[in-house]
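Chains here go by letter, A, B, C and D, matching the order in which they are written, and residues are numbered from 1 within each.
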Amino acid sequence: MSKAPDLRVMLGPIELRHPVIDASGTFDVLEATARYERDFLTDFPFAAYVPKTVTREPRPGNPPPRVAETPSGMINAIGLANPGVAAALADLPRLAPLRAPVIVSVGGTTVEDYVAVVDAYEAALAAAAAGAAPNVVGYELNVSCPNVRSGCLSIGTDAHETEQLVAAVRPRTRRFLVTKLTPNVTDVVAIGRAALAAGSDGLSLINTLKAMVLDPATLTPLLGNRTGGLCGPAIKPLALRMVSELAEALDAPIIGMGGVISGRDVLEFIACGATAVAVGAANFTAIDAPDRIVAELRAEMRQRGLAKLSEVRGRALDRRPPAVTGS
Amino acid sequence: MSKAPDLRVMLGPIELRHPVIDASGTFDVLEATARYERDFLTDFPFAAYVPKTVTREPRPGNPPPRVAETPSGMINAIGLANPGVAAALADLPRLAPLRAPVIVSVGGTTVEDYVAVVDAYEAALAAAAAGAAPNVVGYELNVSCPNVRSGCLSIGTDAHETEQLVAAVRPRTRRFLVTKLTPNVTDVVAIGRAALAAGSDGLSLINTLKAMVLDPATLTPLLGNRTGGLCGPAIKPLALRMVSELAEALDAPIIGMGGVISGRDVLEFIACGATAVAVGAANFTAIDAPDRIVAELRAEMRQRGLAKLSEVRGRALDRRPPAVTGS
Amino acid sequence: MADVAGPASAHPQAKAAVHSCRVAAVRHYGPFACVTVVGPQLAAAAEPGQFVMIQVPDSRFLLRRPLSIFAVRDDEVTFLIEARGAGSARLTGTRAGDILSVQGPLGNGFPLAGVRRALLIGGGIGVAPLQFLADRLAAAGVGVTAAFGFRDARQARLAAAFHIEHLWLATEDGSAGRRGTVIDLVGAIGAAKNTVLFACGPDAMLAAVQRWAAERSLRGHASLEAHMACGTGSCHGCVVPTTSGYQRVCAEGPVLPLQEIVYE
Amino acid sequence: MADVAGPASAHPQAKAAVHSCRVAAVRHYGPFACVTVVGPQLAAAAEPGQFVMIQVPDSRFLLRRPLSIFAVRDDEVTFLIEARGAGSARLTGTRAGDILSVQGPLGNGFPLAGVRRALLIGGGIGVAPLQFLADRLAAAGVGVTAAFGFRDARQARLAAAFHIEHLWLATEDGSAGRRGTVIDLVGAIGAAKNTVLFACGPDAMLAAVQRWAAERSLRGHASLEAHMACGTGSCHGCVVPTTSGYQRVCAEGPVLPLQEIVYE
């Protein structure tokens, strides 16, 4: 196997040059470019860009502390801090140099919030002069954020509410629509099925696990928000299980994530049925982590004699017919 | 604060000399005593003994491999391997030298299974000659094992089924009844509330998180059962969150567990509202881990000037009145 | 959004990179260590008040640790580290020859334009960025006085790492230097009208410095700490409340105008 | 339950304990290392075929690693370790003076009563328990022949750690010793009627040895590997299928009668 392995994947209609994308909220291409020698806009390590979740109104976010380390993981309660959709749209021209496709992450506390953000993007993109905006190929509906007291959680943990949300957003855009699922549920397949039934084109998971860490000195919650979302290598086994459950039960492209920190992890998610794989907390281990991960993925494929990722996709799945209920 | 801290706690009516007990399935006092220099029966490190879950019939358990390491954690799919209740009862006299109280863990796939095990224990204990059996003070209903395809999972993930199970077992014994909850649910408080409503005296949590690891060589599931239960320090932040949710919402003694590996961890669970704290995977780090953990707990209390554990119990909880729904 | 525009920095910011640096020397002062690494690019780019994100050389630690730049000399950059938790303890245990992954320089740094007289106020490990600052100010001919407050003589061993001409010490228990807080100390030293304050230390100290400066209408800057994940402005994890909303310590900071920080 | 009563062991089992052992010496053979620790109690208690659970000296690793006892001499116990994954790699990187936490001895060990002639069959790192066995057998006047199979010359470097008089080698690629599998090798060596086989190695090898022995009506014992958590019989994590149901490698094993192991 001396030919270079082909890392390209098709995420629905979107061609990605490799399967590795960023997990929303963990890499800001403008901030990184502002601070580092490297121009991450023109030398973008990921195959697609998923910016931080945008909401209709600006959100200051949760009181600090907002992040803490945990054994082989971390916890965060940012609280969807973001400047709101108007400011995000004003920033669009700055993202225009980006050659990678963009998937806009949308959050909110009501169905109307989500619709408003998508409508605003559609209008802005329709009005944008050629070359004045990046290539927005889709939306990711963040129905799974466990940090916002008043809204998100209730949508993503309920199949019916998820279905209603997706159904409301679906007619507003022809772009690729991904629903990002929360792991804080009894039956992730039921929520995923509802999202697809309402017109979601794909699914992404997992968002963070609701968790809590204490300040060792005071034995009271460390995070300003008391609870936060657990992520990182600690939770990868849970993420792999959920991704494979979805891949076994449903037929839709999946963006898998949760604890990816190496090229082999990417391969594992693909073996569990994912088409693309997102890197979250690992972005904090080093600014060049995505480059390393993609290089490791290429090396792993070469070692294993894999020419294409489709050779490994779904290899870990249970292909037996589902058990008959009640037997 | 020169007086030695008082580690005693009351778990309902049961006095424990300190709060640290073993998590079911992770320490077998007879096996340890058979193999080690130390007689763990007469020199028992825990304040109470929770043996491995017993089922009505013998169970061979899952095909191997059954255990694997994960980042800061481990996964297991033992599959409730146990010799069945008749063999467990035949072993009771061997446990008689144990001075610590025993809480029998009961599993099954139907309500009748659980009732049969409890009935068998009650009959055997009533018939046992003085000194011929250990001091069985209660039962722990393991409704939460995620590994058995056909049964447990569906009980512990459903409030109604949990309620029915507890209601069926409750009249069969006057001993302390604990329901062990699974974390694989959207709303752990709803399940805990159902268990208490049906007569459970206390709650224990968390059991393991359903998860999957791949064999790095083949990229297929490593465990013979494909999926297994994740535990260890990796999941402690999730366990702390769930224990505090229960402690905030319900009024019942809680046995907290999940990732405890140090004396400070014990204190953290107590700060989150637990009365007793169980040690699972940490038993595998060293056969004398429980001794170390209790010693660390004592040292931490001394350093913090705590005379009794009640001074710290619930310190991490949110004491604000619950938010009005629909506001 | 409040935290998008940072306070204007007095000097153009050099860009950060990931540097693989060999440890040249480690000196220990009780629970503190001065770790000197070879990093020509880093040394050339760094400004006083900036920080780096260092990887703890042990795979158990997911996040990098933020550390101020303590001193820069030729190709070498030195960090002054307190063993607080497991990660920083591991870093103080580094040995000459080890390789550390250092991401930086990051953050805005102290604004130095127009400063004539400077009073550097440090508490505990918060003194870390002040040597580099003193060196740069002295080189520019600025009159520098430093006042450091420590808990006790043990913590005051930190002072041994410093080379600042006018350096005053206080300890709370009086076991080294003057007895009292650093506020008592600066009270005794006093500050001329045009003095600019540069403060770094625990929140309680900074709040006290803020009040002290306000009463005397003194201008000043504070370098802040916060739990960080990215150190790069990406995650919004490191915010502190300011008079203009939350600001990110890693992006708008770590140096903020003393009077803009909000303490309850 | 099938796995409660183990096969009768030929010698009374000494009890296990947690030992804190200083590393006396480490010798490297490519990706393999011989790690010798000082452990008087452990040395006194250990029987051939038993194993220990060693803690990887790095907090990232939750579980101990099971390792066979390779050799015992006076107060010292030696382990022969292959760097397979991250934990065993860390163990092969141990240095003299390091302290290792060693739990053991555990498991039943090889039954030796009545053995007159022994053929030791090892594959890959599975050779590890056979030096101690050979030493004990030789001391009892038993005639010992050993046949080791390796993939290639690189793996065959393991043989350099052994001191067994009649030791035969095969490699699959012929780069060291005879070309072929260890089965080809024992076929060539042959075995008298009353020979007892002691085998340890990968499953495929053990299955082949099982068939080979059955065809010749030879009695034998195999030492098995399994993923373990407790190593103590508590967790039922380490089972293998046998003709009498699942047996725990750490409790009924690691040595089981060769013909009782079930290979699909």
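Keep this in mind: a residue touches a chain if its C-beta (ideal position, glycine included) is under 8 Å from a C-beta of that chain, and two chains touch if they have at least 3 such contacts.
Remember, it's a predicted structure, so these values are computed and weren't measured experimentally.
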Where each step is a move between two chains that touch, what is the least number of such steps from chain A to chain D?
2
Could you run down the chains that neighbour chain B and chain D together?
none
Sort the other chains by how far their Cα centres are from that of chain C and give me the top one.
D
Name whichever of A-C and C-D has more C-beta pairs touching across its two chains.
A-C
Distance from the mean Cα position of chain C to that of chain A, given in whole angstrom:
35
Please report how many Å separate the Cα centroid of chain C from that of chain D, as a whole number.
56
Cα centre of chain B to Cα centre of chain C, whole Å, reads 47
Which positions in chain B are in touch with at least two other chains?
71-73, 233
Two-or-more-chain contact residues of chain D, please, as numbers and ranges.
60
If every chain is a node and each touching pair gets an edge, what shape is that graph: line, ring, star, complete or other?
ring
By the touch definition up top, name every chain pair that qualifies.
A-B, A-C, B-D, C-D
Can you list the chain D residues touching chain B in their complex?
1-2, 4, 13, 15-18, 55, 60-64, 87, 101, 103, 106, 226-241, 245-246, 251
What part of chain C is in contact with chain D in the complex they form?
58-60
Help me check something: in the complex, which residues belonging to chain A touch chain B?
70-73, 75, 149, 157, 184-186, 209-214, 216, 218-221, 226-227, 230, 232-238, 240-241, 244, 259, 264, 267-268, 271-272, 312, 315-316, 318, 323
Chain C contact footprint on chain A (complex, rising order):
25-28, 31-32, 34-38, 52, 58, 60-61, 63-69, 71-74, 76, 78, 81-84, 87, 232-233, 281, 283-288
